[in-house]
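Here it is, the structure in full.
Just so it is clear, A, B, C and D label the chains in written order, and each chain counts residues from 1 on its own.
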Amino acid sequence: MAASPNGHDYRVIGTRPVRHDGIEKVTGQAKYGADYNFPGMLYGKILRSPYAHAIIKSIKVDKAAALPGVKAVITANDLPALPDKMEQAGEMALNMSHLSANIMARDKVLYDGHAVAAVAATSPHIAEEALRLIEVDYEVLPPVMSVEEAMKPDAPILLPGLRNKEEGPDKPTNVATHLQFKRGDVNEGFKQADYVVEREFKTAMVHQGYIEPHNAVGIYNPDGHATIYCSTQGSFVVRSLSAAVLGMPEGNIKVVPAEIGGGFGGKTTIYLEPLSVLLSKKTGHPVKLTMSRAEVLRATGPTSGSTIRCKMGCSKDGKLLAAQIWMAYEAGAFPGSPVGAGAMTIVAPYNIPNLLIDAYDVVVNRPKTAAYRAPGASNAAMASETIIDELAEKCGIDPCDFRIMNGAREGTPQTAGPPYRRIGYIETVEAIKNSPHYKSKLEGPNRGRGVASGFWFNVGLQSSAIVNIHTDGTASVVIGSVDIGGTRAAQAMIAAEVLGLDVNDVRPLVTDTDSIGHTDVTGGSRTAFATGWAVYEAAQDVVRQLKERAAKLWEKKPEEVSFANGLFTAQGDGIKPMTIKELAGRLARTGGPISGRATVNARGVGPAFATTVIDVEVDPDTGKVQILRATVAQDVGKAIHPSYVEGQMQGGTAQGIGWALNEEYFYDERGILRNTGLLDYRMPTCLDLPMIETCIVEVPTPGHPLGIRGVGEVSIVPPPAAVANAIAHAVGVRMTELPMSPPRVLKALLSKRTRAEAQAAAAGS
Amino acid sequence: MAKKVVVEANINGEPIEFLCEPRQSLLEVLRDVLELTGSKEGCLTGDCGACTVIVNGRPLCSCLMLGVEAQGKTIQTVEGLAAPDRLHVLQQKFLEHASLQCGICTPGFLMSAKALLDRNPKPTEAEIRYALAGNLCRCTGYDKIVRAVADAAQTLASGQQPAGHLGSGPSATEQTERFLQEQEVK
Amino acid sequence: MATVIIPAQLRKLTGGKDRVKAKGRNVRQLIEDLDRQFPGFSEQLLQDGDVKPSIAVSIDGEMGTGGVLEPVGEDSEVFFLPALGGGRENPGG
Amino acid sequence: MAHLNGSSDGNFRVIGTRPIRHDGVEKVTGQALYGADYSMPGMLYGKVLRSPHAHAKIKSIRIDKALKHPGVHAVITGADFPEVKGVMAQVGELVVNTHYLSLNVMARDKVLYDGHPVAAVAATSKHIAEEALELIEVDYELLPPVMTAEEAMKPDAPILLPELRSRFIAHRTDPGSPEGPDRPTNVAAHIQFQRGDLEAGFKSADFIVEREYRTATVHQGYIEPQNALAIYNPDGHITIYCSTQGSFNVRTLTASILGLSEGMIRVVPAEIGGGFGGKTTVYLEPLAVLLSKKSGRPVKLTMTRSEVLRATGPTSGTKIRVKLGATRQGKITAAEVWMAYEAGAFPGSPFAPGAMTTLGPYHIENLKIDSFDVVVNRPKVAAYRAPGSPASAFACETALDEVAEKCGIDPLELRLRNASHEGTPQPAGPPFKKIGYIETVEAIKNSDHYRSELIGKNRGRGVASGFWFNGGLQSSATVNVHTDGTISVVTGSVDIGGTRAAMAMIAAEVLGLNVTDVRPIVTDTDAIGHTDVTGGSRIALATGLAVYDAAHDALRQLKQRAAKLWEKQPEEVQFKNGVFTASGENAAPLTLKELASRLARTGGPVTGRATVNAGAVGAVGNAFATVCVDVEVDPETGKVQILRATIAQDAGRAIHPSYVEGQMQGGLAQGLGWALSEEYVYDERGVLRNTSLLDYRMPTCLDLPPIETIVVEVPNPSHPLGVRGVGEVSIVPPMAAVANAIYRAVGVRMRELPMSPPRLLKELMRKQGTSVEQQAAAAD
């Protein structure tokens, strides 16, 4: 029985029931976006730019439109022009004209793969043939591929209209935003520091790597209403953004979320949805658009590559005194990289008196970045966590002890914002320190162990939930949060806990945007936190009404009725305790059916911390790094369904290791992506990884009824730095570039050997 | 438009006739012609394994095989794994071990694992990882998948079938096995 | 009088001060008072009558969800900082 | 009930207008998915083997040949059904024993009507399934069929259900006590209502009219045959897609028949192609579930038209004796009615609702009504639009016409003199609250149809009235306010006749929106609170009430949010035609749209919800209708042509007038078919001979004139919008009106339905025969 924050033991929460949608998924019946078919459905394909940076002088589509079987061809002219300013879409602020131009290029293509036109035809093969008949006249411009090039004063300008506060209103620039965070006086701090380490880090652009490509089926009705079936992390986001891009009233669009084959933040925006509706409007048929793997890699939303200069100083006894960081993130074709989050998380786990952080959001001729699991935090941690490892080494202090000494706790000021409330960072480091892994001896040549920590804010936002009681005492929970990693099971468990029911008597149901109140995106590790809260309150609403009905039956006042572990009771004689099953059978007589509802805009969000230790062995001849062992400790507040909490911790660690060792976007000098397949965009297979050990730390979030803390994202932050530190301890080279692929590690090893030989020669002569 | 060809094959224990264009892959035939949408498309280049099916006892990517090549073959997809009333032990163990999160890669993993256990009833962890290396998963980090396959192998080896629900009739798997034996005999 | 911590970007408006006193029962009145003390302040923070969606307001350690309506205590500590979301990629500014 | 904002009685902004229904586009473009349109990957097709005999024992069933037929995946018979304790369940307006319901879904050791299901098969195609049916060998032992109530009530009649004992029911809620000797019978129940002193009443009458009437078994005639698609998951969870009037009904009945827990079943209602009460029970759903369980694949079952006629739920044929006593001034002093309803193979005919609505429109002091539920070898009856009331009205309203003729009073005038009004005791229930019967009679009296001259040979005009008490039962609704100020209304009530539009209009009225900003959603049994069947004319009334309350729940929350924005108290916030206002300075008026975009800031999304039990059946609503029909009879063939038809009906409050008129016209048309051409023709072996729509002759647009409608609005005091429910009463008056018109046209009193050409010609020749004899007698 897992102990709960408010003392009483939980009956369902903390157990590991089989998820309710499991059967459909293991028998292949579950319907993902691409599995939907409709009578008379057409297939859509998109023509994509072969250039990284070019002006579209003209597009001729008549030949394509004439091909038998082709029903419609659209370009950007078919989409309404939108104002070039920041607008509010739900809880997000977006520049709608940039969003629209990213979905379909308007007079300029800005990255290899940028959508230029789309075709709908009776078969996917005919649609592909039609694409080849579209003639586009490009005027090729020099591509700007890195932040360094883009920030040069004479760099080619991607977006003529872009301005930033620094350079004023009349200077075109590629720097969209400059953020600065300051505390204390860094120069003073560095003066007092005994040890100072400064290095420049470069991390490559990487992709979320979800196995299911994007998809959308749009059905446009002659009365102006449209229905969209798609795999998305936020059906309400798809509705409000598609409405803006299509210039339709939001209420005319209904989004039906299909099962989703992975997202990790990459499916929180829109690519195909508006185009499928537009093609359906033109043809009068449902239109299905799916992306190939190459399209996913070239033209969806990877996370930023970055350049980070990080300088940190500490006293002899290991006290961190100052940190000065310069960071520039690739935003991709349009402004909006996660550099702000990177800046606010880079030293978040630590208490550093003097701080100066400058963060730049820079547009380059690469696909517009989207969120990828704690966006911006992993690249930042690669810099700060490796320098902290060097400082600990210089002070001769164990990396865990160094982190415990400087670790943030309740009251520590954050980089930006109020001091921390009750958090569990120190507990995660201690959990690693006392883990069997960390205590075990690591012998053998070229082997090393690295430790690193990570932080993520998590987010609350809005959720709605409805709980219906059926006449046989079972219940159904209706929510709008898409279930990627088993959150349906968590919602059913929360309702079962409150209602005193067996978890298999509760059926969770994810429904469309018309059948449930507004619910924000499944992202920001918020679903268990915010939607779970709404389900908790809705279930309490049901208990309240059931108490009224019991009171009516016993002719007592509702306040006199109490409810505990599934039984309604009241004092006085002749009161036979009733289960929900018995009471449910008598609802008709006592006033009719019962359904509870709750809506929340969740407050008091608890940030999440994780610390990871990884053992590696480096092959000195090839530079290949083999992961021997990995353990991750994470503060989850309260684990509702431990198997899926472990799943999130293991999944994030695996992605972090892929990010560390071999995943990168490889562009040639003309700005064309060369590794557009999973053979060359090398993600970890089960042969590359050991079993990933997890220790769940439960420091409850004050203010949440169940103490829940989001778990979905933070586990991806530590691994790149942990692997780098392990390599340093294994073969004595400090890697400062991601990925630490065999060629790069080998180069570092060879240059170390030549330097050593040169010194020996100098010393010897 | 190329002329369609009539193809006969045994799919999930049932003799099936279907029409397909020469350019259609077996995956496209399974999903769009035969409405067996259990096999999933992840890359169409044989890298992700989400479209894995078993053809004449061998696991392979149905996106790399043409529909017309299925003539006379015995094919098993995820839809043919469970008996009418009872999940295959692999399906049961994937659920019990929470070995899937989004589940898009699960059909592919189940077929690769089934082919492995048919060949090697008592695989070591390394052998399991080797056999499943062709199937990518981005959510789980593979840990719980490997544990589920090992547990399923152990359950099969010790002969206890997981508690069946009810009903009679040979499962699609047994039908396919019988069909295969007949083929070998001929 | 609540204490307002000024984010780095806006310190040029407050003449470099990073901590300022202001009075107001809720965020709207607080910003009006700040604008009186340091002209140009509300233009940075407000957009059509409410706090810019890209700005988050934290009061006594808790992220406010009420925008300008968020009540402010007599001596509470108020932070203005870039609003972020894990699932959303758009940072401040 | 809080009074509607800004609208005193009657001047609503949206209610009463005629917007286009929201699901219209799908229906006119063919995209709407009816039950048979659903298909699933790997789906099998089911077929049912039905008994060719009306009454026989099943000695053995051999299915092994069928099982081995290639492509067959599963075969089920009665043996696959668990023996479950029968319990009384509410099915539409009828009350049914679930044990008998299970026997009706699949015979066990006895078949009781031609078409009774005996086995079912699931195969990879329909044709293979049909071939498999022929391979099933059933060994029957024939028994003599009992086809009419008369025969069944004879003491020596063959017994259909050996364990059946007759019950006597004294009042509406009496569960009944055993009646008569403890020996097998075909009379399942006898209900009786009595008031006043019958003897004295008849003594004080100047005229007595005593007649006997017969009506035939007739079918609802919905164009979409029954269908069901079931998916049985290995973990025991079941999903059923079907066209039904009551998705929650299907779940409860299927669960009880198969001995499953209700929570394991989720029913997704498809669009429904007509029901009229016939789709408030289950036929195929339990079979589809069992076949899916045995085959491990989704299974779809559909019925052919002949299966619909032979083996679903027509309404009862009846035998009725009426005795009316009246004074010379036309005051009815006493009425005695004896009625026998044929229940079909199992007990559960509308004998009780028939009795409770007999002579409902009239204030009669001395009254005795006896009504019997009699089992016969015909398909078990189901509800059909005001079940039981049309047959009794045919008898009583024609007898009443004879009384009017004897008193020499205009038939409408006679009805006005005896009309029920507020306070009149119902035949079996509390006195009427405010009702609009008199208004319907006066509306016909002042109608230009009634005042028009009817000239020409063999032409006649007849009038009749009808009463139905309507249902209340349970409904749930949620109203979601979206960030752009539009709202969606989610209910569980299946929409047969445009009720989605009515729900959207009610929500739009309360929240001050145009109806196009409201999206009505009908959802499945998991996604909404318990909602009873779409029947008993209750949707606009009960689900409408739930939507009304849910919209007010949302409005209450919105007022709180506005108050928060203006830093005022919620009570200070007013809401009038779509704008929130409050006194004082910084309270600039806010439209719902503007407020909706600020919900995030003021606490999060807004969802209103309400659940309602709109009073026991009969406590609410009480709808009346009066019909006037002109006919011309062709003396050579006996064919009756309807020249003109007008109906006046009290709707209480017409939410969407077009669809209210639609219900009035639809009911009247069905009544005319019942009157003139529809009947079940059984041969002496009890086999149905007219199993197609060629011989089961329903009215075509050629047979009917335009049906003029007069919507009378006498608001129902116990409903915030005055709604009464309009779906059923319009079918009650037409048969008597046509009979009375025929009498005025050719002087023949028809007392048997249908008044088809052969029957009318027989009566005409008999009348001429007598007049010829009279002339002959007079002559010689």
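The working rule: a contact is a pair of C-beta atoms (placed from the backbone, for glycine too) under 8 Å apart; a residue touches a chain by one contact, two chains touch by 3 or more.
Predicted model only: the values in this text are computed from it and were never measured.
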Any chain in contact with subunit B as well as subunit C: A, D
Pair with more cross-chain C-beta pairs in contact, given C-D and B-D: B-D
Subunit C and subunit D, separation of their C-alpha mean positions in angstrom: 63
Whole-Å gap between the CA centroids of subunit B and subunit D: 51
Centroid spacing, where centroids are CA-atom means, of subunit A and subunit C in whole angstrom: 27
Centre-of-Cα separation between subunit B and subunit A, whole angstrom: 31
Subunit D: positions in contact with at least two other chains: 41, 234-235, 600, 603-604
Numbers and ranges of subunit B residues touching at least 2 other chains: 35-37, 79, 82, 87
Where subunit C touches two or more other chains at once, by residue number: 65
Chain-chain contacts as defined at top: A-B, A-C, A-D, B-D, C-D
Residue ranges of subunit D in contact with subunit A within the complex: 20, 24-26, 29, 31, 41, 231, 233-235, 237, 252, 255, 261-263, 266, 474-476, 478, 480-486, 488, 490, 517, 519, 521, 523, 525-531, 599-600, 603-607, 609, 611-613
Subunit D - residues contacting subunit B, complex: 41-42, 73-74, 124, 234-236, 293-297
In the complex, subunit A residues that touch subunit D: 22-24, 27, 29, 90-91, 219, 221-223, 225, 236, 240, 243, 249-251, 254, 462-464, 466, 468-474, 476, 478, 505, 507, 509, 511, 513-519, 587-588, 591-595, 597, 599-601
Complex contacts: residues of subunit C adjacent to subunit A: 7-9, 11, 18, 47, 52-54, 56, 58, 60-65, 77, 79, 81-82, 84-93
Subunit B to subunit A touching residues, read off their complex: 21, 23, 31-32, 35-45, 47-48, 50, 77-79, 81-82, 87, 91, 94-98, 100-107, 110, 129-130, 132-147
